[in-house]
């Protein structure tokens, strides 16, 4: 009886104890989950801010590489473009990019973030229409903000290439269209669970999605606009049109380098200690190697260490490592940087030779190295080096598989981004025109477009 | 000897210099200036207020020449700088009493000219 | 017997087990608490750094909007003001603001942070004299630093408005007095648990506490100083005195925008994932809408898209959303931004019309939109949208209650800040004077006050 | 029987329960450990980014203090130096500094981070060759990146002092050698578990390791190069060679101040809430006091508040508090800052008097105040004020012990850094020369070394 | 024809221009200059050293006028620029041999003047 | 009265000014200019393209002097600015018809000169 009692008591106590223990376990798991959400959100938002800060870097670099008389114009463009991107991406871009839909485009919750979503729940627990982003356990608005700053970067890239001749309002319109119709479509293919993702193409932080898309849109813009007056003389002569402030350009490149520590490591969208430590080092090392590569090659080829090339080199290395920063070793990042640094110098000279006039080198930096960086994943990737199952690249013994997937991504993005951006440019050209008048271009867009100059006291002191 | 002062549109500096080079006028001094003439100005706006700007950017050339170079210099500037629009600029010719080359101490016509050591290559303009 | 033994054994074992489980639970809770403190501190300090960084933005904007001949002076003012604020807030400001006391002022632990305090303990567990800050579980010095950078911002706002004519030492004195006698008093009313807080007025991140206080102090300064020589001609003519470097002004505005991601989301003073994600998006969206609003309205009204107005627009949107960033929806943030952008353009033109000469637009940005933003809470607030029980605003069906509380806050702050700042300005004027001599103003304050110029090589090259 | 059964059942159940509880405990501890690693890594990486960002600040300050004609050159130097440091520290610097070895140098895992290492395991659990860094629980690459940005800072310091006359390639070579042969050796002595650490010398964030090492290298460089042409006239006349952009210099100092919030609080290498809160306040307060000190003293001595002195004052305060930021009270930090601010003004004037020509004041800021800050630990330290057992300094009743250890550190570092840097400078001088030709110096290094100018539109507009 | 060169205080440019406009002298060229005369300089201090600065900011006007405009131009400048303090500036009148308008090729007095197309509105000063 | 225009190397401004001061020539006006003469230029390179730069930085002095000061002024400039290298510069002497001091209204030789109130201390150069 007492045994029976003991037994019953025992059972009851054991049950009570187990419930108690289970509750602790659940609570502690819950807390841990909350902690993880908080940690990841903190990381995502801080790195997103750094990417936002790249607007400053782009503004500095592009203003520095432009002439004094077009300063207000390029500042205005680079400033307003993020406002345009913010509203365009909220209105439609996010939805097309991350909404559930078909392999080509998002079709659910496309407008104004209005789709169902129970973030920060992840994976199986996720319930909503933005399932392509359900791998990261942060609130929906954190995901949105992080993606927004990337979209803004893509739009900004165009600004520098078309500088010193494009009408202000035409640029604004193009940016708006690009953020809603070009960027999110390609984004959907790769980051939105679309067909390129399915096919096994990888682009960790956006060599293709952000940089080469910006680059293609810049290329069509530059071609349709034509070169700046006086840039190319007779008999193939290439005239120098130096930027008005190399200090600004150099300091801006440092700001971009800094921002890239948000761009790449932030793309984990989780405070994954070992991955982000790895990525920050590959990112930095590629930049360093590219700087030395570009400086050396320009020293050898041109006779002097051209600061503009050094700066473009840094950015080239950063763009090139962006796709693979989480997939390659530190050693490979040195190689990728070195190649990017050399590539950018040759590319700048090549574009000038074929009379494609890009005042800031955006094509060589973002397009050429965006493409190279994407392909580099197919060559240098090491499976699971920071946890992601990419498979091995060519040089790690993985054969051609990954490289072919990367090539497919590059090619298909080229086709879409080139075509879509050309159509938009041409449509704007047809309706309101793209290029300012030659008189305005000579006098400067600051006076023509904005009725003001950037440095009035340099004109006549007061 | 004369001192020729010319105001031209900034974007014309390259061709004017090239034209003068081709006429063996290699020496000159250049400054930036603001000019006000028949060329229309523009309205500047700043923080909601407006102002009519009539002083526009110009390049000012100062060229000391010996008498046999006066005409070719003036002609060269006119040829290269002329577009037919308001704002093309003006040339002023002033008497020049003396010229001294600091390096050599030479004076007079000899100090102004002669064939310059530096012969611009055809590549630059 | 064996049953008894079993029972006793059982009891002992169960007790041991429960103790063990309880210890685990406590330890794990302790750890979780530590983790939370660490996480929150990390967030508070990182965002505080961003707010500190706004000194750079203000320095750039205000220097850019000033003339070249007053550059050293404005740089000096904007640089030293944070040093002055740092010591003044340590000495007295913090204590008056957050010390326990009466509804009007802190009276305990006023000097040098010397009050009792067991932070990071929170709420009931808190034990100390700074109980108005006991809701956030971070160390006292983290609280102090976070609040200091806000105090510094309020002081910096004044610098731009009184620029190009105030004596350096008079400005230093005013800043010191403001940080110790104006800012903390109003801060106490709203954030220090004072009468406005009790009354139910809300100002999440400081549209009123920081921006409008800075704005009122600037207004009295501008009025007492009078306009810059040559600014207003006869017959109501308004002369343009353009700033010397619009690149600096534009880039500085980007820096401020960046810093605002510390200012607003940081004001949670806790790494609350969903709140900070919400706030960062409302903040950004308001800025974007304000930029487009200001650009559009200036384009329509003035004929050209005035870059200065675009920049002021951005800041106006940011100031206006500051009070309500945690209390309104994304949609409302778009509206608030849009209104702010329009308001700032009209306000700049209005102040010029009434001959209140504010070289940088500080009044239109910080005062007008600080007031508007505070009232906007009463109009757009949605109860508990990020957890805070504000009650609903007018448009969310909450009636006039909240709006009236906000109005009361605006009005009472106006009275105190206006009066107190006017008294301080006048006192300084009486003792050492406020304004430099006309000769010095013409020659530039750089030579007059500092005996140096900012860009010597532009004068005569060496 | 039933009792026996109950007993057996009981035992089995108890064992099951205990196992269950233990598993929870372990899992929860594991999670807590992971959380801590993530938190610490986040803190380490974010602060490391801030320190990286100091490259921008140094670039701005040093460019601002240089003449316009040497702008491209100094920008190039300050830009490339971090690339050089990145590769040099990866190649060899890290290994010599943190590899296990003897008290004087690391001998294991010296090249390319190739040593064994099981970070983030800490203390007893650590297993690898970089045990001097085993106290911080972050991944190896996070440790590397954090240490790299400090190494980069040391190299950058030299750039400003030798500006306006050194050959570009000679500077590159020196930086490379310094990062591999000077910095890591001294780093090993103090931070790498070497003899100075053993002896009880303390340098929390690098007043000695970073700043005075940079300062000594700068001093030998300046002496070997000689003053800039025209700096010192006959009869001891000191000519002014003003920097070309005080706006850049001022704004850059704000960037450095901001970066220092990474430099000092980050050196905890752990998100230790109370320590980092303490450190951020001592850091800021020292800067503030130094600014006021330097401004006041220059106002009194020179008659006007010299902005250059104010800026150098800020940096002096920051350098001086770097060694002791975690070891002294807030009150002491005010004193340290004040002394640093006065010291730097006198030091700048002193170096000019003895014809040691340092265009940016690097010696007065980094060397003099690096030394002073290191000694200040021996004077002001309070044992365990943020947890570290330093013992008390002189004024806290600890006697001369700590001060003597600090003096030993200062003296031995002086001997090594001075000698080693002098040898490297002289070796470079012998092989490729150090100084540009007088003609090049007069024309400017921008044209001479780089074939370009920084602000072409200021020359002849286009 | 004369070439008038005037150095004035920078802040006087606006009123001088307005005064000249009212006297139908609409054309001129403007540059910045540094001048040294009877006006007292100031002491510049930089990083603990000092220097006496004697070259002060000036505006330099260059105005080519026909002979009947010489007096009114000089008078106009003096009237508008004079404050009675050291540093008010100086006016130099130089002989001018020839003037050529680049746009039209016209020379002599006709090239200098005539009524300018651009009539400044009364709004700007 | 003459107007002396001199182009000198920028780094020579200090010594020229000192030398002129010692010769009691205290008044002058200074501007920056770009000059092209016998001095060799340099090749600028920018983003992979090159350009030969022939316009080099110069300082332009403008000094109105009374006739008895012409020689000492020219001599002073030559003495101080001469290095013997290409690029040392040139001096032009122009006739000056009239000089008006704005402050006093004085004209002619009296307006140009006299002993300046400001006597530079020996400390500056």
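In this document, chain identifiers A, B, C, D, E and F correspond to the written order of the chains, with residue numbering beginning at 1 in each.
The rule is simple: a residue touches a chain if its C-beta (ideal position, glycine included) is under 8 Å from a C-beta of that chain, and two chains touch if they have at least 3 such contacts.
Computed from a prediction, not measured in an experiment: that's the story for all the values here.
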Over-half contact-pair match to D-F, picked out of the listed pairs D-E, A-B or B-C
A-B
Equivalent-chain rotation between chain E and chain B, CA atoms, steps of 5 degrees
120
If you tally contacting C-beta pairs, which comes out ahead, A-D or B-C? Let me know.
A-D
What is the distance, in whole Å, between the centres of chain B and chain D, each centre taken as the mean of its C-alpha atoms?
54
For chain C paired with chain E, centre-to-centre distance based on mean C-alpha positions, whole Å:
48
Per the C-alpha means, the centres of chain A and chain F lie apart by a whole-Å value of 55
List, in ascending order, every residue of chain B touching at least 2 other chains.
11, 30-32, 34, 44-46, 51, 55, 57, 94-95, 123
Check each residue of chain C and list the ones that touch at least two other chains.
2-3, 6, 10, 17, 21, 24, 28, 32, 35, 39, 42, 46, 230, 239, 242, 245, 303-304, 306, 308, 451-453, 458, 460-462
Which part of chain A faces chain C closely enough to touch in the complex?
1-3, 5-6, 9-10, 13, 17, 20-21, 24, 28, 31-32, 35, 37-42, 45-46, 48-49, 52-53, 55-56, 59-60, 63, 71-72, 75-76, 79-80, 82-84, 86-87, 90, 112-113, 120, 138-142, 144-145, 148, 168, 245, 248, 449-458, 461-462
Contact set on chain C toward chain A in their complex
2-4, 6-7, 10, 14, 17-18, 21, 24-25, 28, 32, 35-36, 39, 42-43, 46, 50, 67-69, 230, 241-247, 250-251, 253-255, 257-258, 261, 265, 271-274, 276-278, 280-281, 284-285, 287-289, 291-292, 295, 303-308, 310-311, 314, 330-331, 334, 458
Residue numbers on chain C that touch chain E, as the complex places them:
230, 233, 237, 239, 442-443, 447, 451-453, 459-460
Could you list, by residue number, the parts of chain F that touch chain D in their complex?
9, 11, 34, 42-46, 55, 57, 123, 125
So in the complex, the part of chain B that touches chain F is made up of which residues?
3, 17, 26-31, 62, 64, 94-103, 105, 111-112, 116-118, 120-121, 123-124
